[in-house]
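Common to both upcoming complexes is subunit A, partnered first by subunit B, then by subunit C.
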Partner chain A sequence: MKTWDAIVIGAGHNGLVNACYLQRAGLDVLVVEKNDWIGGAATSRSLTPGFLYSNCSYVCSLFRPEIMRDLELPRFGLQVISYEGGAVFTRDGDYLANYRDHHAHRREFARFSARDAEAYDRYARDVTRQCRFIQPLLMRTAPDPTSFRPRDIGELIYLGKKFAGLGAAEMADTLRFWTMSISDFLDEHFETDVIKANFALSGIIGTALGPMSPGTAYVLLHHYMGEVDGSVGAWGYARGGMGAVTKALADSFRASGGTIRASAEVEQVLVKNGKARGLVLAGGEEIFGKLVVSNADVKRTFLKLVEEKELPDTFLRRVKNFKMRGSSGKVNIALDSMPEFPALPKDSPCYRGDMHFTDSVERMERGYDDWKAGRWSADPFLDMMMPTMLDPTMAPPGKHFMSCFVQYCPPKVEGRDWTDADRDAFAETVISQIANYSPGFRDRIVHMEVRTPRELEAEVGLTEGNIFQGELTFDQLLFNRPVPGYAQYRSPIDGLYICGSSTHPGGGVMGAPGRNAANEILRDLSQPTKHMSPAHDVI
Partner chain B sequence: MPKTAVKPVTEQAIVQPLHSPAQLHFRTLRLDTPFQPRIDAAMKTNDWYDWGGYRAPASLWDEELEYFAIRSQAALFDISPMTKYRIEGPDAESFLNRLTLRDVTKLKTGRVHYTAWCDDEGFVLDDGTLFRLAPNRFRLCCQERHLPWLLDSAIGFDVTVTEETEVVAALALQGPTSFAILREAGFEGVERLKVFDLAEFAHEDGSVTISRTGFTGDLGYELFVETRLALSLWDRLWQAGELRGIRAIGYTALNRARLEAGLIVANADFVTAEHAIRADRVRMPDEIGLGFMVDLEKGHFNGRRAIAEARAKGRLRHVLVGLEIEGNIPAEHAIVYHRKKKEVGLVSAAIWSPMAKRNIALASLERPYGDSITDDLWVEIYAMRELKYERLMKRAKVVQRPFIKLDRRTASPPAEF
Partner chain C sequence: MTSFDAIVIGGGHNGLTAAATLAKSGRKVLVLEAASEIGGAARTEEFAPGFRAAPAHLLNRLHPEVVKTLELERHGLALGPIAPSVALSRDDKPLTLHGAYGESLSGASASEAAAWQELRAQLLRYAGILKPLLARRPPELGNMSLMETSAFAMTGLSLRRLGKEDMRDFLRMLLMNVSDVADEHLDDDRLKGLLAFDATLGSHLGPRSPTSLLGLYYRLAGEFGRQPGAQALPAGGMGAVVAAILRAAKAAGVSIRADAPVARILAEKGRAAGVALDSGEEIRARTVVSAINPHSTFLDLVGTREIDTGFVRRIKNIRMKGDAAKLHLALDRPPEFSGVDAAGHRGRLVIAPSSDHVERAFNPAKYGEFSPEPVMEITLPSLSDPTLAPDGACVLSAVVQYAPYALKEGWEAGKPKFLAAIMARLELYAPGIGRLVRHAELLTPADLEARYRMPGGHWHHGELQADQMMMSRPAFGAAGYDTPVEGLFLCGAGSHPGGGVSGVPGLNAARRIIEMRG
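Here is the complex of A and B:
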């Protein structure tokens, strides 16, 4: 009976990043994936002829360039294309655009407020300063403040030094940033509602908090610290959809000798004498491995795949209490022609960017009120875009794939499970919002895929449909992610590691958790990590 | 935030088929200034650059000869893209006194002064010129944009602050024959303007504000006019200047002249506090040669406490100096060393000065270098010559600014040429 050096559960981007690094270190690695397709939440699916959907994650910025280079992803077809600005439609028939050109951006804001137009530089400076503080922490294992191992002490000193390197005002800003609401933060910079709404969206995406909830300013930072080819904060499309990321990873993995088994759902992690020995697949097949790495979220890993008796009480309790609340849905639409938004001039670059309909922070917060009551937002916040404006590979010429990220959307509807009728009604809420701004929109739809938290959990495996595998609030970050004492990718079970977005530094198609976990595993095995580039310098 | 009810979105289409010109600005990323037709007509090099979102000439016909136009005859340079604020109201003087470093109560109506303003920590937000147009009306001209800062600082003062960059056109007329041209153009009484004086003159059915100011260290004037009168003002000057060698110039030529005059440029020679991403890049006035502006006696102003404390505790870390460098190779962005070994600073701008016949530079040094230690300074110049760096280590001497002092700049009455 074969014993693998390592078995990775789940072929999501972090599982594959982890597997690639382990395989390249000389380990014999198997990745098992429950679906008959790979990619987890970073996939491109053809659900109707001629169209490809990025049907879960849909844009790329956070994915670490160090990983792309280490794993030779360009060689395996990965291309990321920056996209162009975007717009928030206002209810009076106007819109606020975001332009890439600095002066156009200012002039656009000046249409709404002369003051806000000139406030952007200070805002950008403050946010950039905070991003520069966090960015180097992404590719480092969070220190355990209770351990006295030299390495943890060294990392704590590193953190302390970085913090001490900030100016007095910045230090205060950092603490406020990590705890305050995005609404309060924006109130300090801008006076115009639509301009605040324009920025606030980055503070709530994927998070079961409203723009007025403390902690949402950090979520904004989390969305700003990515880059496209050195352009910090920029977002782009993976050419061929987000599946191009995981396809390149899978091809890189196989090219280095790794093995992937799709349609192999894990029933349980085999644990013997407190040590992970392998897996049992649905159907009973046993696979043996010297160690097991789970890309599943922390709840799925420890509450479903491991027997409770194998885990310490406090750990179990903390895993159960880990906040993982679904707050979003996704509607993927195939369009047989280019939709028109008469508010926008026909040659507006906003068609090639992200479009939104929520023109005030207040409206966003009311949308959150619905979520608290267990309902999807009657007036939802949409992050809508057409990657096919820049990517010819996802739809035939003249036709378009439209991706609509929808917030808020609860994991249960008024306490009960979602039904198909709920899902259809949810979709109708979304479509009618778009149709309000785009006459004839419904007639262009040739196919639609609607994903509520129910589908995200059942199909992707994200508990409650939380896209970040756990909320990105300060109580669940750094050495508290996922739970105190287990923030270094290890678990109470020897030989069982976690590498998904439930771990530091969290969600988004970033790859850093998978990479950092590989680093820890190779350390435990006393294997070299020379093939892993350190984080790029932030100078 | 007021808890107004949010109107539910109804099925009625939200449509606005006609787009306003304001919405369509994205089609022109670089604006034209009110003088653009004349500049386009004079443009031969097609050498444009982006000045605050405007299409501005880096050169028009020959950057070297354009420089000599400034120094021998008269050069016309479009400064419309300069950021301009109108500040008016009963408290305008006391507001500006609180905002800026110098004593504004000493700035009489009809006068201009060069000043700067700081954040609460005493770091320079920008430098600029303050024009007192009337007892209660001022114009502040600068490089960067500061409306939120100005509005926040104005809280508690009976004053209005208006951004007027796009509605006020401006020209610099600089050089030895600039006065003669203005007189020729019929601006009666312009001979009475001393350096930093301003006055209003009739033009067409309106008026033009002329100040004896400039960025060249030469005899020169700046003219401000409402945009509708811009072209006729240009033509009036052009016609009057025909026999006195008037030429249109671009920024490259002007930049040489300003360097000879020892003047600094925000975000070229220092980083403005609201744009500095790296916290250690900000500078106090004393660190960029603007310490002379700081008036600690005039009462409270923004940054006063921090500046006084930094002075008392010797916490000023940098100093901006003029350097004279041996040889004739410009040392732009060269590293400055002490004893050829210890890195002590950076050259922010450098040229061979045709007027001084010296190799000059502005540099930021870490104190005590450039301050109490000024000997044995060197700059390392990497001169790219046909795909090879010629590396030169040249001696640098700290010298007084300006690098050139022209009597004609201050002569009163101004000379014919």
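Here is the complex of A and C:
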């Protein structure tokens, strides 16, 4: 019977990134995927004829350029197209436009407030400075602060030096920034509601926090530190939908000799004498491997795939305490024609990016209050876009695919499980939010897919529908992610690794967890890592 | 005209502590108080004929160093017994925390009591790690002296001494929200509600807000009678504590002038040279120490022309809109809280039925509305000190949240409504209390601001949240008590470590001045 060098559970982007790096290091790697399609939450699916949906993740910004180069993803067909604009519609029939060009953007702000236009330069500088500080940490393994090993101490010293290198005043700003709420941070810069709302959204996307919660300024950073074509903070579409990312990864993986098995659901990780030996699939088939890497979230991996008796109590307690409450839903819509938004000029570049309807931070925060009470937001925040404005491959000519990310949406409805009726009511809330700004919108809908945390969990395996495989709060970042003592992609079981978004640096289609895990695995195997280009330090 | 070495602006407990400490070092010190009485928000005042109370009503963090340095016991500081905390409940019997923050519980199940002891020990252990950091001057960013570095190293060492797993939990929990921590350990809503309330008291946070656990650590880092987490109702009210500090100051030779509001801090070539009073009188001194709010100190008294714009912006950015109101009731006789025994009535009674309830009470405050079902901590100080009320009558003193400083409808319209909401809550837990009320005084943050000259009505002189603590308190450039204006120092609650009757900012500032030969 064949024994693989490594078996990766889950063909999501991090699993594939990990597999690619291992395979390229000369290992014989198998990826198993429970669905009959690959990609996990980064996928393009055709659910109605002629249309392709990016049905979970919908935007490409965080994906690390180093990984893209190392794995030659452009050669395997990945192409990222930057947003050309964006807009926030206001309740009074106006809108705030987002332009890629800093100066055009600034002029737009001046339409609302001269003071805010002035402040924009300072804001952009402050945020970029924070990005510069954090970006190099993404592709490093977090040190264990309780360890005396030279490598951990060296890494702590690196962090300390990097911090000290900021200079006293910037150190002070950084310290404050990390624990602030995005709302307070924006209040220090801007005075106009809609401008604050426009920036606040990045502080809450995918997070079970409101914009007034401390720590959301960091979440903003998490969404800003990405880049498209070297342009920091830029967001873009993957041509052909987000599945193009994982398709390119899969093709790159296969081209280097890797094997992927779809429709292969893992039931258990085989553990013998405290060491991982392979997998048991649903149906009983056993697959053997010298090591197992799980791209499933930390709860699914250790509470479902591994027997409790194999794990120390402290570890189990911490895994159980890991917070991964889902906070968002998704509505994917096929439209038979271009919807009208009377507020926007017909050929505005704002259609070629993301559009929002939440024009104040208070409305966002009230949406969060609903979530805390176990309800979806009555006035939801939508990150809405039509990728087909820039990428005609996703819908028939003249028709459009619309992606609506919806926040907030709780994992349970007032403490009970979601029902189909709840899901329909949730969809109705979303559609009417759009229809308020787009007359005749309902009549253009050809097909719709509604995804609540229930669907996200059932289909993609994200526990409680948390899109980041775990909340991005201080207690779950850096050396605390996923749990203290195991932030270095290893687990209490010898030969069992984790490489998903539950690990440092967290969620988003970034690929960093998958690569970092591969780096640790190859170290353990004393294999060279020359095929990993060094993480770049300067933006 | 007499000249002074140092002038202290503000005669609250921190100003007096700084003044007394400086005077003990041989300096000639003058304290200027704007009001006609000394004591700031810790002074006991008559709010109805024969009824007296102070905004601060519980003693839980007066620092032993302050007691020792100023010899407060010799100056008449009398400490009462440790007071219990009672978590009131409508459907259940109340749950009581006895001793120092719940050394034992009554009214809880055996398993809950066991879980509590474990959590309590953990919280006290972690608060103990933070305690030295909260007691000393915060380290200077980018320029740590050997002393400071070694102090930090000591904290690191005490962390290591916790053992690996405990240290990991400490680092994980440091910036967590109190609600999740409580949920991880406890089941009882009354207990969780109490923790949620204590963690968020005095700040613009709900129990679900990340970092809210810090509020609980801040409380548990305080001590009373050498017992961490313990609290007491001081004999004679909080005014008696201030009186003891005042006596210590006078004994050390401090001159005190009430009714002397300061109009300006005189700055000459970037250096403080004295103050000008509202009356126009100028008093010169080499050192000026401000115990009042940093915002007022720099923007009103120094003036933006004397400081660079970056620093002005940092000062302007300090968040200091209070959320806590203070209620004083003059009652015909002591009220009876359902299910609470006599000892409980002499303690602290808390209405915060669950963590979720506290969170829901917080929600409206974010939008400039008061809580329709407020949470509160209640004491009946006249039960311990009968001099505070006429014979047989009773004073009820309560801190009530959430009452946002900038109420959208304005406090003139909102105050009667909020008082009605509070009385409705009280009636649920002490039926019939409404009929006992002879007089009610509700101090909203707007009232506290006007009466005690605390901008935003914030008793910490600035939000006590992670981004405004330690080296960021009150703002970078002034976190070590000395400021960009040479000869001008800060010594109030707006400075590290923050508010509460601790005396630490005052003591630390004085020590810093002495160290800098100011």
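Convention: the second predicted complex is superposed on the first by the 537 of 539 C-alpha atoms of A that agree within 3 Å, B and C clash if a C-alpha of one lies under 4 Å from a C-alpha of the other, contacts with A are read in each partner's own complex, and residues count from 1 in each chain.
To be clear about the criterion, contacts are C-beta pairs under 8 Å (C-beta built on N, C-alpha and C of every residue); 3 or more make two chains touch, one makes a residue touch a chain.
Since we're looking at a predicted model, the values are computed, not measured.
Legend: residue contacts after superposition of the two complexes on their common chain; A:Ala114 is shown touching subunit B, with no touch to subunit C. When the two complexes are overlaid on their common chain A, residue A:Asn55 makes contact with neither subunit B nor subunit C.
In the superposed model, A:Ala169 lies in contact with both subunit B and subunit C. Shared-chain residue A:Phe479: touches subunit C; no touch with subunit B. In the overlay built on the shared chain, the residue A:Ser501 is in contact with neither subunit B nor subunit C.
In the superposition on chain A, A:Thr179 contacts subunit C only, with no contact to subunit B. With both structures placed on the common chain, the touch criterion links A:Leu209 to subunit C but leaves subunit B unconnected.
Between subunit B and subunit C, more residues of subunit A are touched by B. Of the two partner chains placed around the shared chain by superposition, neither subunit B nor subunit C is touched by A:Asn295. Looking at the shared chain after the overlay, A:Asp369 reaches subunit C, while subunit B stays out of its contact range.
Looking at subunit A, you'll find residues 167, 169, 362, 366 touch subunit B in one structure and subunit C in the other.
For subunit A in complex with subunit C, the residues that touch the partner chain are 145-146, 164, 167-169, 171-173, 175-180, 184, 188, 209, 212-215, 314, 318, 321, 323, 362, 365-366, 369, 372-373, 473-475, 479-480, 484-485. Within the complex, the subunit C residues that touch subunit A are 140-143, 160, 164-165, 167-169, 171-177, 180, 184, 205, 208-211, 310, 313, 317, 319, 359-360, 363, 366-367, 465-468, 471-472, 476.
Residues 1, 3-4, 6-17, 19, 22-27, 29-31, 50, 52-53, 121, 144-148, 151, 163, 274-277, 279 of subunit B are the ones that touch subunit A when the two sit in their complex. Residues 89, 91-95, 97, 99, 101-104, 106-108, 111, 114-115, 117-119, 121-122, 125, 128-129, 132, 165-167, 169-170, 183, 187, 189, 342-343, 345, 347-349, 357, 360-363, 366, 378-379, 432-433, 435-437, 439 of subunit A are the ones touching subunit B in the complex.
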